[in-house]
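Below are structures written as structure tokens.
You will see chain A twice below: alongside chain B first, and alongside chain C after that.
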Partner chain A sequence: MKMVRIDARGMHYTPLNQKIRAAVADGAEEIVLDNILGQRFIGDGLRGNVRIIINGVPGGDLGMFMSGPTCIVHGNAEHAPGNTMDRGMLVIHGSAGDAVAHSMRGGKVFVKNNIGYRGGIHMKQYEVEARPILVVGGTAHSFLGEYMAGGLVLVFGIGKDKAMTDRGIGSGIHGGEIIIRGEVDDYLLGIGAKKFKFTESDLERIAPIIKSFCEQFGYDATDFLNTNYTKIGPASSRPFASKYVWE
Partner chain B sequence: MCGIIGFIDRTKSKMDGSSIKAALSLMNERGSGDGAGYAAYGIYPEYADYYALHVFFDNLGEPKKKVDELLQQMGEIVHQEEIPTTPQPGIKKVHIPWRYFFKPSEDLMAGRMASENDVVTYIVMEVNANVKGATIFSSGKNMGVFKASGWPEDVANFYRIEDYKGYIWLGHNRYPTNTPGWWGGAHPFNLLNWSVVHNGEITSYGTNQRYVEGYGYNCSLFTDTEVVAYLFDLLGRQHGLSHEMVVKALAPPFWDEIDRMPAKEAELNKAVRLTYGPALMNGPFAIVVGTENGIVGFTDRIKLRPLVVGENGNRLYISSEEAAIRVYDPEVKTIYTPRAGEPIIGRFIE
Partner chain C sequence: MTLGSVPPKFKVDIDRYQCMDCGRCIENCSYGVYRREGNKILIESRKCTGCLRCVSMCPRDAIMLTEKPVDYRSHPLWTREAREDIIKQARSGKIILSGMGNARDLPVVYDHLLLDACQVTNPSIDPLREPMELRTYIGKKPSKLKFKKTESGDVELETKLAPNLKLNTPIMIGHMSFGAISLNAQLSMAKAVTELGTYMGTGEGGLHEALYPYQDHMIVQVASGRFGVNIDYLERGAAIEIKIGQGAKPGIGGHLPGEKVSEEVSKTRMIPVGSDAISPAPHHDIYSIEDLVQLIRSLKEATEWKKPVFVKIAAVHNVAPIAAGIARSSADAVVIDGFRGGTGAAPKVFRDNVGIPIEVAIASVDQKLREQGVRNEISIIASGGIRNSADLAKSIALGADAVNIGTAALVALGCRVCGNCYRNLCPWGIATQRPDLVSRLDPERGAVQVSNLIKGWTYELSELMGAAGINSIESLRGNRDRLRGYMLDEGMLKILDVLPAGA
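Entry: the complex of A and B
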């Protein structure tokens, strides 16, 4: 396997991304980035199957428009990792900032700990082949899945009494689903969001995702398969119809 | 979009300006080169009893003569000089930054001007509204603001920020969106010992401005953030509210959240909302305020701007980005993101 190592200490994101692209063009299968600190736009618009190991704290918009590669972050991530991501995977061994998986179109974002506000905002989906997935090990702040149009957001609340304690879950949601381990208080639901019965077939459907998440972070999947979940989805496909049209 | 950062050493152990320059520069993407600035506390120990008035003069003729006259009439100038600067290719020196060390006369302290803080506030409002070619942009004791139009490194090098040692530092990298980029529009905005750095917009500016102007403040700097400094002075100094209560007034909980609180807490929050309705700030914001006894960070009620907190022993950092904190202090121990409207407060240890 062809591996490339880049020391990014003090490097601006433009030369860094140029080096990453050059390495991919040169056939690299794994790229290790050391001393990353605040460089934005890492892996943006990148295609192929390269695996990028990021040692440090990458800046905002990690993996934006990315289509195919896998980024493993050993550290926290800042705002909007997975922004409009198309395919591939982000695995964050830490927490992430606001607007994680913003407008994501496909692929997976796995965050070991917590995420900030508006995780999964504007996530979308096309049929079954382009269905983005955001999985959060810890908890998320308010407006999780805001204006969500498709895809799946899954929150485990590991180490928490309640997986979600922040308000506005699924505010303005009109597609997709938010699945949260345990019970969710009704007052935490945003406008346009509604609870649905979480069924055996739902669990069967998400089981491969649970297993994949647990594999990445070394958890025992049985803990997450033998438990109850709350499913939240859109009350209607046009939650704000009455605000804009008169019938 | 703007980049903000705040630092406090709770034991008042001082740090020079080189670290905040590096930290703020990491967030250059958050600015546009149209404004940057710093506030440092603890930098003028030899004049600690005097107000350090930092002034932008268009020239040292008529505007300075008027300010000199006003200050001499209102008190005593013990020292004055041009603030030392080093020319930078990225900065056009359109103003002359000057500093006075000033003590207001006790003879003036009566009626609405009962304290030296009131006299200095009056002088700042008077000069900024009525003296053409002069802007007082910093008026605290043992602290000072250094700002200009330019990138964070250029502004820091222009003012030789490394030469100052402070126990509180604030930094701001500006991306002006709604109002012009000019020296007086760069952050921090200051009045007395209150200094404000802000990322976002105060969309309730009109309401807030009318409210503070009723108490004698004059918003004359063409930018929304100015009103935040005056709100802190009004609520924090004149009304004597704690920093926590000021934040509760400016970014209060929603009514439905108040309804779910225990009776006593609900009553308090209701009273604050009713009393300080016109002080409530709407719009997206993340703010760090430097004060006489510490720093205060908070965001708008639905968190439309980022804010990250870092701690390392007696040192507290509040910034738009985690990476900036890690540049400031590579040994930082704890990193977390506060909730919307939650006050993050760092105070000196007595």
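Entry: the complex of A and C
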């Protein structure tokens, strides 16, 4: 396997991304980035199947518009990792900021700990092959899955009494699903969001995702398979249709 | 219902003596005004929108249309519109949506600005004989140029130039998405701008495959819904526009009703068939000017700094400082959309009341950028109600680099501004996705019409410039000395930085 190591100490994001692109063009299969400290846009618009190991804390918009690669972050991530991402995977061994997976259209974002506000906002789905998935090990702040139009958001709440305690879950949601481990209080749901029965077939459907998440972070998957979940989805696929009258 | 019905908007009459009973009116009217019963064509006037499709297709000029055949008791305050809006809301309790741009009878500043011409001293220039330079470059201009001498004694440019768009005429077509309008309408305009050497916008609806051959003349839009946006889309565009706001509905998002999300629209936007396409009011990764910088740079970084990035805002009260912020944000152009800008659908209260006229927005933005010494950092593109070459010339004299047209291009395709764009029934094949209606618009012929319009305006612009003794568009830009205000108040003249007529 062809591996490339880049020391990013003190490097601006543009030359860093240029080096990454050059390495990918040169056939690199794994790129290790050392001393990452706040560089934004890592992997922005990048194509291919390369695996990027990020040692440090990347800046905002990690993997934005990315189409294919996998980024493993050994640290926390800043705001909006996976922004408008198309394909590929982000694995964050820490927490991430606001608007994680914003408008994501495909691929996976796995966050070991917590995420900020507006996680999974306006995620959307087109047919089966383009279905974005956001999995959060810890908890999320308000407006999780706001305006969601497709895809899956899964929150485990590891180490918490309740997986979600912030309000506005799924406000304006008109597609996709938010699955949260344990019970979710009704008052936490946003306008247009509704609880649905979490069935055996739902569990069967998400089991491969649960296993994949546990594999990444070294958890025992049985703890997450033998437990109850709350499923939240749209009350209507046209949440605003009744608000208007034509001239 | 105690409210009863309101009077019909139009009365349709057929001159039975002229009528040859060909039935073209029945075929052409998608609103269902006409039907045949026995050997008679019957009329249901209440369904008429005034789109004039039947009138223009009648071979005998046998159709008569009267607007407001029954009117209310006249009243200066309680107009027909005011009364009918109340009736509508008393029935529904909802927000009133409407199509097209601002329909209020407010004074048009363009109509109160007059252009200059040369007499005796400074002879005018004949554009038939002299070359007129209309080429316009959109994008950042360096504040100074640095050169170096090579060993062979040649001079080489040392300054790195930012990517610019080259326009043969300062007229572009603004963003109208596939979804809001038909593919044939987009194709007509794409063919026209490619032939003329100018550009058009995709709107927030993705880029349909059929438009790939024209992609070098298409500006791809990134709006808050991010519909159709991926790296492929960004790389195809000649430039990228971030849409923050729109003149017809500043401050609110967009909303394509599920009815218009057909198979093809769904494929291009990458959303399921029949689902509402909701663009939220803000971009949820932009909550500050710093975040805007981040989105601009993310787009540039994704496309390796090869594409100019524009930012489109609605003309609102603080447009000048907002544009100054954008000028410092790595953006290459700011697109300002005035309150007369068109739209497929907008809440009426926004369309008619929010925002400011484009004329004053251009003047105050240009002024502010010059005061701050950053005018070269960014181009100004003006849009929102530009009807003819005079509006174009006046916009440039007020300080714009180029204009975007929208409604004017649609009128060139057949639109009669009936304002029913949201119903998916446009009988001209423009604002509809119904295949039988879309096929009424032939992209080849549509392209010729749009191209003719832009050519006509371009000729007129060179004539106006020649008459004013100006042979280059750069000498007209921001040249407010060649404008005079007619019947404008002192405050308005000050904002426009224009002298009154006679001074």
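In the analysis below, the second predicted complex is superposed on the first by the 243 of 247 C-alpha atoms of A that agree within 3 Å, B and C clash if a C-alpha of one lies under 4 Å from a C-alpha of the other, contacts with A are read in each partner's own complex, and residues count from 1 in each chain.
Methods note: a residue touches a chain if its C-beta (ideal position, glycine included) is under 8 Å from a C-beta of that chain, and two chains touch if they have at least 3 such contacts.
None of the values given here were measured: they were computed from a predicted structure.
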Original post:
Looking at the overlay, what does A:67 touch: chain B (first), chain C (second), both, or neither?
Top reply: second
**OP:** Considering only the touch criterion stated at the top, classify A:240 as touching first (chain B), second (chain C), both, or neither.
**Re:** second
**OP:** Give one of first, second, both or neither to describe whether A:125 is in contact with chain B, with chain C, with both, or with none.
**Re:** second
Subject >> chain B versus chain C, judged by how many residues of chain A each one touches >> reply: C
**OP:** Give one of first, second, both or neither to describe whether A:79 is in contact with chain B, with chain C, with both, or with none.
**Re:** both
Original post:
So, does A:30 touch the first partner chain B, the second partner chain C, both, or neither?
Top reply: neither
Original post:
If you stack the two complexes on chain A, which partner ends up touching A:40: first (chain B), second (chain C), both, or neither?
Top reply: both
Original post:
So, does A:142 touch the first partner chain B, the second partner chain C, both, or neither?
Top reply: first
Original post:
Which parts of chain A are touched by chain B and by chain C alike?
Top reply: 40, 60, 79
Original post:
Taking the complex as given, what residues does chain A use to touch chain B?
Top reply: 37-38, 40, 57, 59-60, 76, 78-79, 95, 97-98, 114, 116-117, 141-143, 166-168, 187
**OP:** In the complex, go through chain B and note every residue touching chain A.
**Re:** 26-27, 29, 256-257, 260, 302-303, 306, 308, 321-324, 326-327, 335, 337, 339-340
Original post:
Inside the complex, what are the residues of chain C that reach chain A?
Top reply: 88-89, 91-92, 94-99, 224-226, 229-232, 234-235, 255, 257-258, 266-267, 270-272, 274-276, 278, 280, 284-285, 294, 297-298, 301-305, 347-348, 419, 422-423
Original post:
Within the complex, which stretch of chain A touches chain C?
Top reply: 13-14, 17, 21, 40-41, 44-45, 47, 60-61, 64-67, 79-80, 83-84, 86, 99, 102-103, 105, 118, 121-122, 124-127, 130, 146-147, 149-150, 172, 174-175, 237-247
